[in-house]
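In what comes next, subunit A is part of two complexes: it sits with subunit B in the first one and with subunit C in the second one.
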Partner chain A sequence: MAMATATARSAVLLLALISFLLLLPFLAAALSVDSPKGRRVLVLLDDLATKSSHSLYFRSLQSRGYDLDFKLADDPKIGLQRYGQYLYDGLILFCPATERFGGSLDQAAILDFVDSGHDLIIAADASASDLIREIATECGVDFDEDPLAVVVDHIGYAVSDTEGDHTLIAADDFIDSSVILGDKKIEAPVLFQGIGHSLNPSNNLVLKVLAASPSAYSANPKSKLSNPPSLTGSAISLVSVVQARNNARVLITGSLSLFSNRLFRSSVQKAGSSTRHEKAGNEQFLTEISKWIFHERGHLKAVNVKHNLVGEADEPAMYRITDDLEYSVEIYEWSGSSWEPYVSDDVQVQFYMMSPYVLKTLSTDKKGVYSTSFKVPDVYGVFQFKLEYQRLGYTSLSLSKQIPVRPFRHNEYERFIPAAYPYYGAAFSMMAGFFLFTFAHLYNK
Partner chain B sequence: MARSSGDDAQALFHSLRSAYAATPKNLKIIDLYVAFAVFTALIQVVYMALVGSFPFNSFLSGVLSCIGTAVLAVCLRIQVNKENKEFKDLPPERAFADFVLCNLVLHLVIMNFLG
Partner chain C sequence: MVGKSEPINGTAKSQPPPSPLSPKSPDLLSGYFSFKSLKLKTKQQELLIRVSILCLVYVLAFVTRLFSVLRYESMIHEFDPYFNYRTTLFLTEKGFYEFWNWFDSESWYPLGRIIGGTLYPGLMVTAALLYWGLRFLRFAVHIREVCVLTAPFFASNTTILAYFFGKEIWDTGAGLVAAALIAICPGYISRSVAGSYDNEGVAIFALLLTFYLFVKAVNTGSLSWGLASAFGYFYMVSAWGGYVFIINLIPLYVLVLLITGRYSMRLYVAYNCMYILGMLLAMQIRFVGFQHVQSGEHMAAMGVFFLMQVFYLLDWLKHLLSDTKLFQAFLRMTVTSAVGVGAVALGVGTASGYISPWTGRFYSLLDPTYAKDHIPIIASVSEHQPTAWSSFMFDFQILLFLFPAGLYFCFKRLSDATIFIVMYGLTSMYFAGVMVRLILVATPAVCLISAIAVSATIKNLTLLLRAKTKAPQSASGKGGSSGKAASKGSLDQSQPFQKNGAIALLFGAFYLLSKYVTHCTWVTSEAYSSPSIVLAARGAHGNRVIFDDYREAYFWLRQNTPPDAKVMSWWDYGYQITAMGNRTVIVDNNTWNNTHIATVGRAMSSYEDEAYEIMRSLDVDYVLVVFGGVTGYSSDDINKFLWMVRIGGGVFPVIKEPDYLVNGEYRVDKGAAPKMLNCLMYKLSYYRFGELTTEYGRPPGYDRARGVEIGNKDIKLEYLEEAFTTSNWIVRIYKVKPPNNRW
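What follows is the complex of A and B.
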């Protein structure tokens, strides 16, 4: 009897355990918010000393919830994907001297990683290898071809006791965008020591976030200049970002020491200015821009596109010309932890067939719903509701919904056309005239 | 010379008026009816020239009713006129009956085409 009860009790316990394990994934899903990007980041280093010499930057990422996986660049066990699934959601390449990656990683694998929508941070340096330079070129950024050239600035350098060749420069020419660099203005200049790159002016996906001052140039500081340097002035970009058409974001910079603890903690005074800032702007700059790179800011989603006739609730399959219709869409922005309503006054919708017949700016109720109403034009055909939204620093929205528009049915025209009243009048007056004429003709003397 | 051509025109006009005064009364009634129809047609053409031909079927219907009426009235006048040798044997009642029937058909067509 006792044994039966014992087995019964253990059976009940087993059942409870199994049901709890089965319910666990649902519990986990209920607790997590649907963030647009994952948190696993692979960090590739040239040597593991970088992990401690750049620990402040890595700690800022880890404190925001990112799962950093540090590996040496030539570790044979590294791989970005296994069985078709990506193991990581972001990649940081702090390995400027690496000629070849270990494991299954190569330039094509990294570019596929970005093409599938994941984010990338590349830091080159004065000793950058061809591999890193080529990856940067594929992303739209051209490093200076001379392998010995670094950015030198004899007017905008950072005043310091040790470095006398003016390769450590203090840069404060930031891009004017609060989405990319945060709301707080970066007061202190950013300390930079490394190689510069240039951007192709016809490339509209790449942005110069930190440019060199007009007095900078890219040359070898140890040898005499035989001919003028090819990269000079503000054309030199120190830090650039690329937002690809699939909204993957890439940060490219020519200085690994930009991220280092030494420059984070150092004080900065730009040559020629009298203010000495206690802390360089590196930490604030890189923290804010990393937030943007990993989609904690400036990531939009548009959901719930609805259109219907004014006064009705359901979407018709077809509209008629000169109908009144209303269109609404909900746009949210990821704030790092939740989806907040996106507030802006320049979202426009087009009613498009080969060219926009109607272009209206949507008005928002500040809770994320954007709506407008307009009259269908007097043209029939297959139209699209097109919403194209590309703003600096935000993901691009491109929505399109097709809807046919038909002409009037034969019984939907006005019964009597006001413009034809004279003709109606003439016809009836002829009939009346005929009637009166018959009497006049028959009964005249 | 100018005076004589002016006099000639006036003399012509006077002779026309006196000749016309001699026509029988029933023919004058038909002439008035024709003038009314043509005048209505001209009004419609001027209106179309101003406003455009948007309901073109209505325009055609209106103008056609006027012109058709005028044509049928002219036919009646020819057949009823006693000075006309060709229709000497045609009884005027027969001419009138034809006129009425044709007008009925005309107005039926016009009503259908008016829109």
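What follows is the complex of A and C.
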């Protein structure tokens, strides 16, 4: 009997142990579950040599915990998803020459990947294939159509030992956003050698992060310029980012060498400038922007949207006109390791029915809670609490919560109105008078 | 006044020879126990026959309205009844006060609708009371069954009322005939078949009740009948907007009596009691509110009320002033000043905005072309169209010929009551000519007046037949009592073949009446028992084909869309979507906000990208269109489309009707206008239709409802995607895509 109990106990123990071991990876995952994005990244290359020639960039990603999976772009076993689940959280396309991908991957699959909320880095080059160009076009960026054209700048080029053709340019026209490029100012210019692109004017989600100088133009440096170049000046974008409506982020650049060890290590002196930087700005620039692309920075989340009547805790199913209500929401920002309270004084909420009836700036307690209170307008209908928060570099917050507003019930009006007392008086005096008159009329004879 | 109809009754009763059996009966009782002992007095016999006829008519009126249940199933019909059903369900579940204060956020998104304040609650309360009553008696009925059978039940009650009304204005014979006629009259059946759970179902009962009680009050001059008619009016006001007819007809009637010099104390009591109490009671209905004192449509009643007081005053003064000359002068002065004061008050009230002007619906009754020019939304409803001659024939059949005959009889014997029925008949016939749906209001009057014709004719004919046997008696006894019948009898006696002629005429009358019965039954079973939510057609082999696409689509919505999804459709389907699909709609059949409907009309008639902006601004998730091109169902959205353009263009001038027409012609084939071929409604209706062969020997994309091959077969949708199409393509539902992720 006792032995039976003992075996049973040990069996239970063993079972617990096994289940614990099985659960361990999930538990580990659960600990980091509040990170906005996962860290599995697929890197597609034209040539495995890129892996070593760009190793500094890859290493900076790996040192921040990214799990890079290198594959050749024509590897027949590439697949972004299996059984409807995405295998990766990010995709880096360092394969400018690829005409078609191997496996099940194609342009539509990559765009679906982005549309389901995943991040993408595209680096093209002078030899960019139509496939890469089309993916870029779908993201709102048009590379120069001339396949031989590269960005040339005869004023803003990087000084080097040989005179060269001024296609290696030193660009320092960064976007003014510490959210995207980090708090530390990028001192050294970024060395860029590759093709330029322009932004599609009908796309208002794409941003120019690194623009060419006003003296740059996009043309074939080996041939004589017969027509004026189609892309000139600061309309040329060297590095652009797109933050899609679902907050997926895409980086597009026309230079694969931008990421290379050679330019990372190179010293830089911009033509016409006397200062010579020991190291080009490429490393800092790309590291910072990669942090942004992979949601280590500039990611907001809004939770615990609550609204209730002043003095009550529960959320009602419906408000009445002229009710006083409180609205609160918690907004946090991902700092790369934890969720920190987001502090700002420009978060606004609308009480909206076809147009905003109330627009209030939320006040914050600096611990992430934003709140306000206001009176429901004297209009009934189906309203929405709308919070639309779009700031440069941050993920956009778009919350709406529907709530009907009803008119007064029949017994919520005042029972006796002071202004009506003359009428009450008139009615009752009339009744009394009629009664007296009847009495007098009937019995006076 | 009470005895006014008695002479006829008297002759009717005295027609059979005095019963010789009554003295015998005591000894017969002991002898024959079985049949002869039950032999009754003539009066009792007549009562028995009358009651049994009424019972049969009562049952008949109910039974003939059950065709729809037998043909299809116990279901709610058409459009508005679904709203009534939904509200009744709410009333029975949540109770009266919740119903009274119900703010519905599921319709008219995002405006919402105060249901309690914008409906006539009479129907719902009636059905709920029936339901609670049955529950109390331990009948475990479902509220839907109660709703389905409410209209037939009230139709049966109307027959009883018609009997009493006929009795009041003519005699019991006319009452019985009226009850029988109204029980099966198609004009009434069209709105009261089982399942047609609409306001009119109880309102016709309430209308007739009010009129009957008012006539009774005028005839008796009794306060209690006046009070009863005020309550009848209250019930009518609570049940249907058609009460405006009552509140205008009764003052008109009173005015006519005043002009024809039939002013009496009875009239004074009846009208004042009914008007004042009825007005106060009607104000309790939230939807009506203060309209009785503030709306132009109700001012006639108030004017007549004051005129009545002037008459009373004059009467009194006439009594005081013995000098007629002085009185004449005074009369002129008072009447002029009274009319002047009234006109000034009306002018000031209208100018200051206290008295609202007449509504469009009211105008369109007085001027049938008004709606067509000014209010397309009223003109777009098929039941608001002017009536075609054929539908008069369809709905009344022989009554159409009996009606003038009945008017003749009424004029022959003018009394306060017959004047009333004549006025009711004439005014309602006019309105029936203006609007198809008002045939319903005319039906009781037509039945009553026709019943007078039938009853009087048959009575005269039978008198002739019996005249020979009791000619000596009648010549002496009846000469004074019943002038008309007797004089007619004596006149006819001199003519040859009068008896044969009478027999022939009687047979003719019975032939006509039996034709009427077969016609009514046929119309009821063929035309008026279709629920219009389930469509039936004859297949190629004569078999019945049922298209149940509407319910299929609404069920799909209920099961497959998020509970707060917003569905945009033309307003016709709004009530059904909320009641059956349980989803929020943008517009519905309560067409209270023209701008909102025009916005939907604009979206439907715009290009897809413009429509997308509108749909986004209204948070639309799904778009529902009705399409009959596959089945040949002609009342689909493409056929209604010109109204969408017209209503949309009425508010948003960017929509222009000529853009959709080619040489003033509306077409969907290759010759159609380019805007027509690319507007949202066209695209949604004909999406993927170009691939479908609908009829053997026709090219693909052949529209069977319009009989043409469509003009745009290659339709691409950019902002919407097809979500569901029912098995016969009658209802098509599209999902509005979210905005492009990367643009």
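Criterion: the second predicted complex is superposed on the first by the 383 of 445 C-alpha atoms of A that agree within 3 Å, B and C clash if a C-alpha of one lies under 4 Å from a C-alpha of the other, contacts with A are read in each partner's own complex, and residues count from 1 in each chain.
Operating definition for what follows: contacts are C-beta pairs under 8 Å (C-beta built on N, C-alpha and C of every residue); 3 or more make two chains touch, one makes a residue touch a chain.
Since this is a predicted model, take the numbers as computed values, not measurements.
By the touch criterion defined above, A:404 lies against subunit C but remains apart from subunit B after alignment on the C-alpha atoms of chain A. In the superposition on chain A, contact of A:242 is made with subunit C only, not with subunit B.
In the superposition on chain A, contact of A:184 is made with neither subunit B nor subunit C.
Once the two complexes are laid over each other on the shared chain, residue contacts for A:438 go to subunit B alone; subunit C is not touched.
By the document's definition of touching, of the two partners only subunit B reaches A:426; subunit C does not. Between subunit B and subunit C, more residues of subunit A are touched by C.
In the overlay built on the shared chain, the residue A:224 is in contact with neither subunit B nor subunit C. On subunit B, the positions that touch subunit A within their shared complex are 25-26, 29-30, 33, 36-37, 40-41, 43-44, 47, 51, 54-55, 58-59, 61-63, 65-66, 69, 73, 76, 96, 100, 103, 107, 110-111, 114-115. If you check the complex, the residues on subunit A that touch subunit C are 111, 114-115, 138-140, 202-205, 242, 244-246, 248, 250, 318, 353-354, 380-384, 402, 404-407, 409-410. Those residues of subunit C lying in contact with subunit A across their complex are 97, 100-101, 103, 105, 109-112, 114, 564, 617-618, 738-743. Put simply, subunit A touches subunit B in their complex at residues 417, 419-420, 422-424, 426-427, 429-431, 433-434, 437-438, 440-442, 444-445.
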